[in-house]
Structure formats: structure tokens, C-alpha cells
Amino acid sequence: MWEQDVAFWIIALAMAAASIGVVRSRNIVHAALFLVVVLAGAAALYILLVAEFVAWVQVLIYIGAVVILFLFGIMLTRAPMGGEPGQLDNDQRWGAAVVALFVLGVLVALLVDAFGGKNIHFTDALVEQGKTGTVGDTLFRQYLVPFEVVSMLLLGALVGAVVLARRD
Amino acid sequence: MELNYFLILSAFLFCVGVYGVLARKNGVLVLMSVELMLNAVSINLIAFSALNHSVSGQIFALFVITIAAAEVGVGLAIVLLIYRNLKSPDLDKIDELKG
Amino acid sequence: MLDAAWLIPTVPAIAFALITLFGKRMPKHGAEIGIAAVGASFVMSCIAASQWIDRVEAATGHSEGLGAFGKSVFRAAGEQGVEPVVNTVTWWISGGVHFSVGTTVDGLTVMMLFVVTLISLLVQIYSTAYMHDDRRYTWFFACLSLFTASMLTLVVSENLLQLLVGWELVGLCSFMLIGHWWEDLANSRAAIKAFLTTRVGDIGLMIGVIVMYFAADTFSIVGINEYALSSGAEHNLLLAGAICLFIGIIGKSGQFPLHTWLPDAMAGPTPVSALIHAATMVVAGVYLGARLYPVFYEGFSIADGGINFMALIGGVTIIIGAVLAFVQRDIKKVLAYSTISQLGYMVMALGVGAWTAAVFHLFTHAFFKALLFLGAGSVSHSGSHHSFDMKSDMGGLRKYMPVTFATFMIGSLALAGIFPFAGFWSKDEILVTAGEGGFEVFMVVGLIGAFLTAAYMTRCVYLTFFGEYRGHGHPHESPRAITVPLIILAGFSVVAGLINAVPLGIEKFTEWFEPTFAFPHLVHAEFDYGLAVISVTIAVVGIGIAAWLWFRREELGPFRGLTQRNALARRGYVFLENKYYLDHLYENVIVDGTRGVVARAFYWFDQHVIDAFVKGVGLVAARVGRFSYDVVDQKGVDGAINALAAGTGDAGSALRTVQSGRVQRYALLLFAAVGLLSLALYLVNS
Amino acid sequence: MNWFDDWALTLMVFIPLVGMALLLVIPRAQEQAIKWTALLTSLVTLGVGVGIAVDFDYDAGGKLQFQANESWIDVIKSRFHVGIDGISLPLLILSALVVVCCIIYSWNHFPEPRNPKAFLALVLLLEVGMNGTFVAQDLILFFIFFEVVLLPMFFMIMVWGGPNRAYASIKFFLFTLFGSALMLVGFLALFFVSKEQTFDIVKLGQLGGDGITHSTQMLIFGGMFLGFAIKVPMFPFHTWLPDAHTEAPTVGSVLLAAILLKLGTYGFIRIALPLLPDAAADWAPWIGLLATIGIIYGALCCLAQTDMKRLIAFSSVAHMGFVMLGIATLTDFGLNAAVFGMVAHGLITGMLFFVAGSVQERYETREMSRLGGLLTQAPKLGWILGFTAMASLGLPGLAGFWGEFPAILSAYNPAKVIDGLVGGSGGTLWTFRTFMVIAAIGTVLAAGYLLLMLQRVAFGAPKAEFENAHIHDVHTSEWLAWTPLLLLIVVLGIYPNFLFDVTDGAIGPISKVFGG
């Protein structure tokens, strides 16, 4: 199993570094690219956890669509690319850092306390459940109604976005 | 594999996201940070799905992804609007609610 | 009719509803409905009375009817007599016990039914003329009908609770009718005074009813009477019940010391005074005493003679009422004090074991006192231009108002107890029974009362009808609607006494109306010619002295201006003028004290102690909240901006600084709070 | 009618909620539609109530009827258990009726700042809480409905109230919330210490405090006592009442007096007594003492008032004292009298507040020293005031008497299980008989302050400032709203069995525990 551990650590470190990049980068386009790394890392983690369908969806939607949207947004708002340090940050940076670290501390303590010693066992059943067929089956049987609701939500978001962004 | 690997990684991503949301001035960057937080949640969901051998976690992750897409769409529209009105995407310029 | 007695009060009650709803649209503005209803009740009462008399006579074995004057046959000791006719239906239930409502008809009931309906009828006829131009003519008749209905309910009631209902409802009618002209605050004050004073007595009545209920385990009047006479009755309970019930009687029947409302009640229209405050409502107390006589008889141990609470109060009332009648200028007040005094006779009679005499006096008094009041009303209506002041607006009216004068004279003679008028027979019976029952003191009190009665009525008659006319109107005789009732009542005042003319061998009143079922065995004193002569002589002397004082005033050198010259006489006069200062005690000390001092003190306590405590708790809580906000929240979490808030402590500006309007600042606080709360939860749970 | 049996109570509770939701979607401008929707909702609710009353099995008044028992919050074993017996039925109908009357009354005179939409929505929400409290058979459900009424009443006072409304509304809210917090603690404690760990009132009633130590019972009863006594309100927890009543708009005062106060006394009869009978017996003399003090104290405070509405508010303290005295005796008589007194007080004091509101609307003052001569300017209104005052002072033949007299009667002979304040079980009789005499004196004081009010407001001539004012006599909407109440006052007064017959069967099982 050591291969999985190694893979995890590599992915995890990459994601952690990239995520710091997202929130600390002075260049907004770099930030978006760092985000791609984080998202791809997440997809890799999904594969590690035998959730292949979700992993592909992650890649398609996040990296393929969402990041592109971000880039559009960056261009449309003429965000500054590179320049003064702190130009992209506001005045409560230190407060934010303290709070984030504090929350992290609490969360870690909680997690260690609650889930310490629990292990994920990779079995055939797990592999089976990650397959697209199983996921699709569940999605369109058990979760059909939420699925439809989400589709309505998407439609609403679509209309909302158009209404908001339209020049008139 | 230890469950906590994934959970702690996700907690870290989440807190980085929190930092980003709190400290970034640019609207687009705030939205990106929100994406970080959402991803952290998704990782949690998948990890628990693997732990409990239940496919529901994956479904939820799918929903999270969908909703994230919607959120980004609307969020960016709002940022655009702010930019158009204030000639800047910076969020600390909006303080109409100031008491 | 005896079984359908519920109809008798129901008809006027329906009339009340009809007059209230449709009265104004009727051609006679509702008066015809009232008169028709009470007329119907009168007829039904007469039927009921005759049926009852038939029943009694059938039971005693001879049936000569009203016309035959034969020696009556009475039951022997221990023998049960004619049972009252009782009809009930369920009224309410509690704890599975059914409480009934219904009618009890016996001799006392039919006698009262007859008196109440007859006088109500006459008064209503009289009122069509007397109240002719009144603002609230229709409403007046509605109230009269309601009063009649309530009084009849009281009379026929099967149980004490129902009696209490009628009792309070007549009080309500009395309140409404005394305050009939409520535009004048004095009238509404008098109405409230009457209502409240009788209500004080009602505390006693209410508790008495409760005590009797738990003693006898029933509200039924017959049941309570049977209990009181049974060997298992607890004397202490009976005494307690009797005292409480008697307090109710004191309030309702104007006995000392709760008599003060009755003279003030004269603020109401005169027909009301005649009906309610002379003939019917005020005797409700006496009626209660007669109705529950076994309770009083056993509770006060009347059979033992001596002095008891009931007789004592009655005796005191006779004297104080009669004395006050001397110092009044207002003719109605003279009559009111006279009523108090005569009610004292009835109560005293009950107290000395003279049940029949008391009820008989109630019977005769109803006629002649109603007559006197209606006569006074006639005088004011046609003789003195709506004034009741004898000294300034009357005098010499006998020339202008012959019918009124003649009837008023008959009433006065009856009241004074002159042979052979009605008052003589009943008063004499009281005195003679008191003397024989071991209550000689009260016989003497009664004789003094007879003297005083004769004297003040002479003064009243003199001031009203003799001498020179002192008013400013154009006196003339009253219309027929007024004089006809007067004549009818005068007729009754003459002959009503003969129904129990003992020396003639007629004891129909005793025979017909004295209960023979569940009733103590009372001794009926023999007629005493000596006492009769004495009492008539005393009355005649009273008339003579008073007449001499008033007709020959010029020769009264030594007496004139006595109150100016003699300090003792003046003090006495002032004392009487102020009605023994009882009104001062009640109104200025008790009522004003309660309203002013005590009520204010309690309210002050409420606002400054209890409420202040509540406010104090609130204030402390607010302080604690402010403190934790200012110090803990502001200095701890948001110290940079706190300088503003901490100094002033003003919550508004403190809030303002937090509310930067920036979403991310809020988010920062939010996450900090989430973290802190999670930590707290974590620490608590681990 | 099986369907009706299962659903009637649920409908009764939630139809007003549906009506309220409907109101919220109707635009504010369409006032007529809003009013009619509210009225129809309340009428339908009343209709369901009448249906229940018709279908009710009066021979089994002590049995819970129209029961529904569905799972609700399984985690805390709380169930949606509703049902009514002879005690709840009259109060439920009263609540539905008074709401209809209130909506009709406010038809043409909404207090400032108008906004019928919000006002009527609050009234309907209030009805949800009131009806729910009377049908709930689960402690948590009861508590929730008990609290639901707070919020609408708070807003009603806060938004539509008099000049001092902020103070009054917050005082009302905090005071009652404080009480109910302790009550909730009591409920929870009862849950944990009871044998079955349940919130079901019926089951807990069957246990009757079985297996709970005496001191614990006393404490739990104390918590409930505070919660209910503040709501009643009993002396010395009454101080929120005059302020709330004085500031509340007319309809708010009416609902407060007619129904909300009854929630407290109802709680005593439904929950406190049957669930903890031993503690109730020990608390009873103290409750009786406070009730008796309340009777005299409320009456004396009334005599010191110059404001008409405040006077009526204090009179509630006195009248609820009679109700509580009846409850404290733990006997059939007392409990029956208490339920009757609750209904009678609801009708009569509700009417008094209606009239006071109408007087205020016409003269724009409630100061009795400025009023006078109402009978000349608006005779019908004046007579209605007089009639209601007479009913309120306990005149026999009107409804008020049947709450007062049997309560006084019951104090002569309280339940045997009670100990006296002094002298232990031997002193019980004298303790309560003293209460009886004092309460009887209270009736005279009641006559005093009510007649005084009547005299100052209705009798005499109008004061100079209003001499030429145009005073409209009773409006049509007022007639419509008042007639049912006035009729009920008379009908119940003449034939009290309409109510006693219903309640007696349900009171029996409760008083039996106390040997009554």
C-alpha cells in the first residue's frame, strides 16, 4: 500500500503549496493557474479514493469550465497582473491569518480526536461503487429529485447571471 | 490508509480558503478562495464515501461541483456588476451597509 | 298553577326583553307590554293563591273559602302539614352532583306573589301618568318589568342559589332605577351607594348560603329547613349560617347599621320608591328570614327567649329609623326612614318568634307604605311642582287634592296602627307575641316605636296637607291613572288587616300562609285586649302631641327655638341631622379611605416595590449585558475600534463601529465566532 | 366522520397558519382581499371548532377525543399528540370565536400604523399558538405553542401599541419568557426523572409523579408554577400585565385578556396538577394564598386607577385570582369553577377591552377624569359598558357569577390532601375558609371599582371638551363582533350547565386523585 501513501503525499503537498499560491499570489492570473493545480490535485485524490467518475467530472467542470470562467472574469474586470505586494489584499490580512490558523487548529484537534485511527479499506466493493454505472444508477434512482432540483438551480443561476451581467 | 490524511488536508485547504475569503480584496480572488473551500468539502465527502462504502458521498460531491459552477457563474456576474458600477473589482469599496 | 309557577316570573322577564327590543316602536312606548305582562302574572298569582288555599283547606278538613269566618284548625305539635309544591330541573352539575332550579310554592310564596304582582301592576299603571314625559319612559318600564321578574324569581325560588340570583337581580334593578336620572351625579352616587351597601350584606348572604350548603348538603330551601329542624343538625353551623344570612338581611332590608342607603335611594322616581324601596325589594330580607325561619329559629335559639341578634337589630332599627324621620324636610325621606323603622318591626318580629306577625306586617305594610309613597308622588306630581320639600313647597294641599289627601290619611292611620286599619292588626300581633314569648323588652321597644311613628306621620301630614300653601305651582288633583291605584291601595290598607283579625275569630292568614311543613312549632299568642288598648292609646297620644305641637305652634313659647338656646338640644339635633354620623363613617372613612389611602398605598406598592423589583432585575441584566459587550466583546475581539465605544458606553455608536458595512469584516467575525464556539463545544464535550 | 375525527384538531391548529401564508402573498394594497381572507380563515377555523363541538361525545367528557398521535421529533421522544377533552373544548371554541370577533372588530379601525396585512397575519399566527396550546398532549408540543403566542403579541404591542409600547412589549416578552424558561426546565426534568422518559401528557398523567421523590416533585412543580403563574398572572408576577394591556392595541388587549391569560390557568389544570399531584397538594395552600392576595390586591389597585384600560387590566388580576383560588382547592367544585371562570373572564373582560378600545377611539383618551356622559352621547355603547361591568362584577344571571361563586363555595371545603398554612392538615379548613371570606369581600371591591368606572365614564354629563364632539354610537362591525360575546354572557349566565356539563366529566379524573 505504500504506493498509495507516496502518491497521496505528493499530491497533498502539491495541493497545499498551490492553495497557498492561490491566496498569496500577487498576479491574479497566476492565482487562477494555481487553482488549476489544486483542482487537478483534488481530482487525483478522487482517483486515489477510487471515485473515478467524480474525478472526471471534477476535471471537466472545474478545470474545463470554472477556471475558464475565472479567466474571463479576470480579463473583463481588468484585474492588475503583477505589481505592488498587497495590492490584491485588504487591511485585515493579519486578522484573517490568525482566524484561519485558529480555525485550522480547532479543526485538526477535532479531527484527530474524532477520527484518529480510522482507516479506509480498499476493497473490490469500493472499486465497484466508484464506477460510473453505479454512480449513475444511484443518481437517477435514489437522488432523482435532488438532481432535478439542482438542474432548476442551475437554470436559475443561468438566468440570474444573465440578468446581472447584462448591460442595459 | 488513514482517513485523517484526507480530512486534515481538506481542513488545511478549507482554512486557506477562509484566509483567502477574508484577506483578498479582489472579487475574483475571493471567489477562487470559495472554490478552495468547496473543494475541501468535496474531498471530505469522497473520503467518507470510501470509508463507509457508501456511494452517497460521491453523489453529494457531484452536487457540490454543480452548485460550485452555478455559484461561480452568479458570483462572477456580481463581480462584473460591481466593477461596472465602481470601476474596480475591490470588495472593500462596497460599504453601503455601514451603520 | 302551583306546578306551573315558573310562568309567573317568566312572563315579565319576556316583557323586559320585548320592551327593550321593540318598546319604542309600540304605540304606548312599551308601557302596554309591561302592564299586560304584570297583569297576567297577577292573574296567575291569584289562581295560584286560591289553589293553595284550596289545598290547605282540603288538608285541614274544612273548606268554607274566603268568605266564611270560622275558627281555624291548626296542626298539633309534631304533626307534619301540607307540603310545599316543588318542581325542579337540572341547572348545573359539578362533581357529578346535580343542582336544580325550580319553584317552591307554599303559603308564604303565594302571599308574596300576590303582593308583588298587585303592587307592581298598580305602580306600572300609576307610572304611565307619573312618568309621562320622561326621557327614558320605555326603559323605565323595561326596568320595572325586569324588577318584577327578578322579585318573582326570588319569591318562587326552589333553592338558595336561585334565591341569590333573584336577590342580586333585584339589587341590579334597584341600582338602575335609583340612578334612572343618571345625568345628575348625585343620583348615580345614590345608586352606587345602594348597590355597594347591599353588596356588603351580600358577602354575608353568600357565605351563609355556602355554610348552609355544606351543612345540609343541598341548596334546596325545603331541604335546609328540614336539616335545621332535624336532630342531627349542628348548632354551631346553624348559628354561623344564621348570622351570615342575617347580615344579608341587614343589607337588603335596611337594618341598622347598613340602613343608610335606603334614604338616599329616594333619588329614584317615586313609583320606584313605592315598589322597590317600600313594598317589595326591601322586604326581600324579611322574606329570606321567613323562608329559612327554621335556620334562624334554631340558630338563634329563639324558643329560649331573652335577647338575640335578630331581635336586637330589629329593635334598634325601629327606634333609630323613627327618630330620624322627625328631622327630615323631604317627604320621601320621612317615608324612607319610616320604612326602615317598619322593616325593623318585621325583623324584630322574626327575632321574637312571631313569624306570622312578621309576615302579616310585611303584607299590610306593603299596601299602606306603597300607598303613602304613591301619595307623596301624587303630591309632587300635581301639588308641589315636582318638589318633595315639605317645608318650602307644600302645605294646605288638602283643599286642592282631596283624593290624595284622603288616601294619604288612610295610609298614615294604618301606619300609625290605629284601629281598625291594617297596620293595627299586624303591629298588635307583633307586640303581643313578643310579650308572651319572653321578649318583654322588645314589646316595650315596639310600643315606643308606635308612639314615634304616630308622631312623625302627624308632622308629615300636617306639613303637607294643612296650613297655608307655601309652594309656587298651581296645585290640582292628579289624573285618574294616579288616583285609582291610590284608592285601591287605600282599600287594601283598610281591610287587609281583617284577614287575621284574631278577636273576631278570623285567623285565615295564619291558616293559609303559615308553613306547616318543615317548620318549627310556634306558639300563637292569644289576643290581648289590654295591650291593644294600650298600643292604640299610645298612638293616639303620639298623634295628639304632634298635632298639638304643630297646630298650636304660637302657644309653644317654651319649645320654640330650643335648639338655638339649649346646647344639649342643639347637639342632639345636629347629631340627628348627620344621621348619627354613620354616613360619614361609611363614605368619608371607609369608602374614601379605601379608595384614597388604601388603594393608593397598594398601587404605590405595586409600582414602587413589585414593579421596581422587576425593573431592577431587568436593569441588572441589561447592565451585565452592556458590560460583557463593552468589555469582553469590544476590548477582546475588536480592540482596535473599541476606543470609541468603551469611552461612551453608548450601545448605538458601539454597534456602529462593528457595522462597518464590509462583508469581509463580518465574515471575519463570523469565522472567529465559529472557531471559538467549536473550541468551546470541543472543550465542553471532551 | 372518521376522517374528521383524525384531522379536525390538526386542521383547527393549522388552518390559521395556511391563512397567514395566504395573507403574506397577497399584495399590501389589496386590503379587501386581505381582510376577507383573514376573516374566512378564522371563520373556517371556527367552523371546524363547531364541527368538533357537534361531534364531541359529551357522555365521555373525561376521555381524550379527536386524538392524533404521530411521530414528530423522535430524537427526543416527542410526538405530535393532540386531543381534547371537556376542559379543552370550551377554551378551544372560545379562542376560535374571539379571533373571529377580533377580526370583525378591526375591519374598519386598524390601529396606527394600519398595515392590515401584517396585523391580521399576526392575529392568525396568534390563533395557531392559542389553539395549539389547548389541544397539545405532549409537553414539548405544548411548550412550542405556548411560546408561539409570545412573538405575535410582542410585535402587536411593539408596532401598534401606545406611546410607551417599547417598554411594555419588552417587559411582556422578557417576563413571560423568563417564566417559560423555568417551565421548560421543569418539563425536561420531568422527562428525565419520570419512569417512562416520555413527554406525553397522558402517560405522565397516568404515572402521576410515580417514582419521583417528593423534593424533586416540589422543585419541578415550582418551575411549572412560575411559568404558568406569570402567564395567569398571579400576584406578585403580574406587573407586566397592566403595562402590556395599557399599551396594546384594542384587539391585542382583547386577545391577551380573553385567551392568553387562560394559557396559564389551563396549564395548571392540564399539566401541573395531574402530572405532579403530590406536589400540587403541598403547593395548594400557597397558591390559594397568592390567589386571595391577588383578589384583594388587584381590586385595590383598580380603585387607584385613573386610566380605564389599566383599571380593567388590574381587574384581570383580581378575577384570575378567583380562578386560581378554585384551582387551589383541588376539588370538583373548584376546578369546574376555574374552567367556567376562565371562559367567563375571557368573554367579559374581552368585551370590556373592546368597549374601552371603542371609547378610546371616540374620545381619544382613556383618562376617566376627562370622560363622562357616555350614556348621553352614545347610549348603546354606554349600556353595553354597563352590562359588561355588571357581568364582570359577578352579577348572578350573567356568566361572571358562575366563575366566582362556585370558586368561593369550593374554598369552604378544600380537598383533604391539602395541608393548611398553619396547623398542618388540621388547619386546612380554617386556612381556606379565611380565603373564602376574603374572596367574598373581594366581590364587593369588584363592584366598587366597576361601578366607579361606570359612573365616571357613562353617567353624568359629558365634559366641556367633548360636549360638541360627534360621538358615533356602536358601529355595525362592532355589533357583529360583540353580539356573540354578549349573547354568550347571558346564555351561560342563565343556564350554566351548557359549560358545567362539558367540563364536569373531564374534571372528575383530575380531582379524583386528590380525593375530591
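For clarity, chains are labelled A, B, C and D in written order, and residue numbers in each chain start from 1.
Here is the rule we use: contacts are C-beta pairs under 8 Å (C-beta built on N, C-alpha and C of every residue); 3 or more make two chains touch, one makes a residue touch a chain.
This structure is a prediction, so every number in the text was calculated from the model and none was measured.
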Chain whose Cα centroid lies nearest the overall Cα centroid: D
Centre-to-centre distance between subunit D and subunit B (centres being mean Cα positions), rounded to whole Å: 53
Distance between chain centroids, defined by C-alpha means - subunit B, subunit C (Å): 86
Centre distance in Å when subunit C and subunit D are each reduced to the mean of their C-alpha atoms: 34
Approximate Å spacing (C-alpha centroids) for the pair subunit A, subunit C: 92
Subunit A, residues touching no fewer than two other chains: 90, 92, 95-96, 99-100, 103, 107
For subunit B, residues contacting two or more additional chains: 18, 22, 91-92
Chain pairs in mutual contact under the definition given at the outset: A-B, A-C, B-C, C-D
Residues of subunit C that touch subunit A when the two form their complex: 664-665, 668, 671-672, 674-675, 678-679, 682, 686
In the complex with subunit C, residue positions of subunit B that touch it: 18, 21-22, 30, 91-92, 94-99
Touch list for subunit A against partner subunit B, complex: 1, 4-5, 8, 12, 15-16, 19-20, 22-23, 28, 31-32, 35, 38-39, 42, 45-46, 49-51, 53-54, 57-58, 61-62, 65-66, 69-70, 72-74, 76-79, 87-93, 95-97, 99-101, 103-104, 107-108, 111-112, 115-120, 122-123, 125-126, 129-130, 134-135, 138-139, 142-143, 146, 150, 153-154, 156-158, 160-162, 164-165, 167
Subunit C residues touching subunit B - in the complex, by the definition given at the top: 655-656, 658-664, 667-668, 671
List of subunit B residues in touch with subunit A within their complex: 1-9, 11-20, 22-29, 31-33, 35-36, 39, 42-43, 46-47, 49-51, 53-56, 58-59, 61-63, 65-74, 76-81, 83-84, 89-92
